[in-house]
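Inspection log for the structure reproduced underneath, given as structure tokens.
Chain nomenclature is as follows: A, B, C and D, assigned in order of appearance, with residue numbering initiated at 1 for each chain independently.
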Amino acid sequence: MIDVLYFAWVRERIGTPRETVETQAATVAELVDELRAREERYQAAFADLSALRVAVDQDLTDFDAPLSGAREVAFFPPMTGG
Amino acid sequence: MAVRVQSEPFDLGAEANAFAAAQGGGMGAIVTFTGVVRDVAGGLDAMEIEHYPGMTERALEQIEAQARDRWGLGDVLILHRYGRMRADEMIMMVATSSRHRKDAFEAAEFLMDYLKSRAPFWKKEYTAEGAGWVAARDEDEDALNRW
Amino acid sequence: MAVRVQSEPFDLGAEANAFAAAQGGGMGAIVTFTGVVRDVAGGLDAMEIEHYPGMTERALEQIEAQARDRWGLGDVLILHRYGRMRADEMIMMVATSSRHRKDAFEAAEFLMDYLKSRAPFWKKEYTAEGAGWVAARDEDEDALNRW
Amino acid sequence: MIDVLYFAWVRERIGTPRETVETQAATVAELVDELRAREERYQAAFADLSALRVAVDQDLTDFDAPLSGAREVAFFPPMTGG
């Protein structure tokens, strides 16, 4: 069980800001593959991973990052604050 | 640590004066940066800033800690709004103080470069023609390479 | 052109807000620098700043014109006091605005570097042990080489 | 006839902020030589020209600068504003 959060246009494409997912995925990339296999809206959101950023437990990381022990994964486009 | 994330407007003058008044003796230099909503194409009805509560504060505190490690700073303020705002409203500010001007200037630029590309904020623009997410600028990512 | 040379104290917050309010649309970045009297050794009774009336305004206006030539700036303010002041009082400030932050930051640093070494101001410190003119720092002269 | 101004410790050593000087000096350096020849306080003020700066008609220049047509020359130490 892991909380998956979406922000900005990723949230809009997937249609929810947050969901809880049952997964045995060992890495972020494996989680993405599982999500893509679900429905077309996930495929649309995850079509181009180079346009996405990921945080595990609120720390920026990359798609190779392990998920063991993680409670929260977030996907979003490059940030545009400031 | 002085990181504030809020939806309410802030008063640049009041923040700058409060920051300056809180400096101990010896801080000869104070730098502020303020970011303002730009109506780039004309016809901006509103800008909405989304953020990632929890991670935002965490990321800003980490950026502040890095700046304090690298430069001799008296104090640091990072204030960033989220939610809906209009053209010419202030989005965010940073303030730094140091003995000599070099540290305060460099740290303020560093804070801005990292905040732009590493703090979880996203801007969406609303105009009569519709709404769109602001794209990240390559220059902003490139700016990180100088540090 | 906004160059002011005065003996009276100024209110950083009021100046920063007035500067920000006067910006036209499109100026997304505002940088301020404020210089504060430092009591370096402890025991500073007062600092007195002498200047060269006439040449001071002329030099500051030339420095502003150079900055406007080199960077895309919305507006520039240079405000510098002369006369007697105490530790922690504000000596001077500059403010710059631009579309993106790089121009406002670089121009503010340029203004400060040139103002430090090219505008006719001289600081004298008064302590219980006596009075002495502040010596120019080599770093300040060197700072001009980067532009 | 030229107005000669002194600032900071140059003013203090010479003992006046400003004086009018009759001179035929062609350059700043020649004017300095004439002033040095006057009295010891001028020698003290102009002992080390590398520690001094000069402005002619309110523009920074150097000691080789010509004086033809100049109305105002100012001597002072390196600036310490900001």
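Operating definition for what follows: contacts are C-beta pairs under 8 Å (C-beta built on N, C-alpha and C of every residue); 3 or more make two chains touch, one makes a residue touch a chain.
These numbers come from a predicted model, not from an experiment.
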Between chain A and chain C, what is the gap in Å from one C-alpha centre to the other? 48
Chain C to chain D, mean C-alpha position gap in Å, rounds to 26
Distance from the mean Cα position of chain B to that of chain A, given in whole angstrom: 26
Please output the residue numbers of chain D that touch at least 2 other chains, ranges allowed. 82
Overlap residues in chain B, where contacts from two or more other chains coincide: 35, 101, 112
How is the touch graph of the chains shaped: line, ring, star, complete or other? line
How do the chains pair up in terms of touching? List each pair. A-B, B-C, C-D
Going by the contact rule set out above, which residues of chain C touch chain B in the complex? 11-17, 20, 23, 25-40, 87-88, 90, 99-102, 104-105, 108-109, 112, 139, 143
Partner chain C, residues of chain D touching it in the complex: 5, 7-9, 11, 55, 58-60, 74, 76-82
What does chain C use to touch chain D in their complex? 35, 49-52, 54-55, 58-59, 80, 91-92, 112, 115-124, 133-136, 140-141
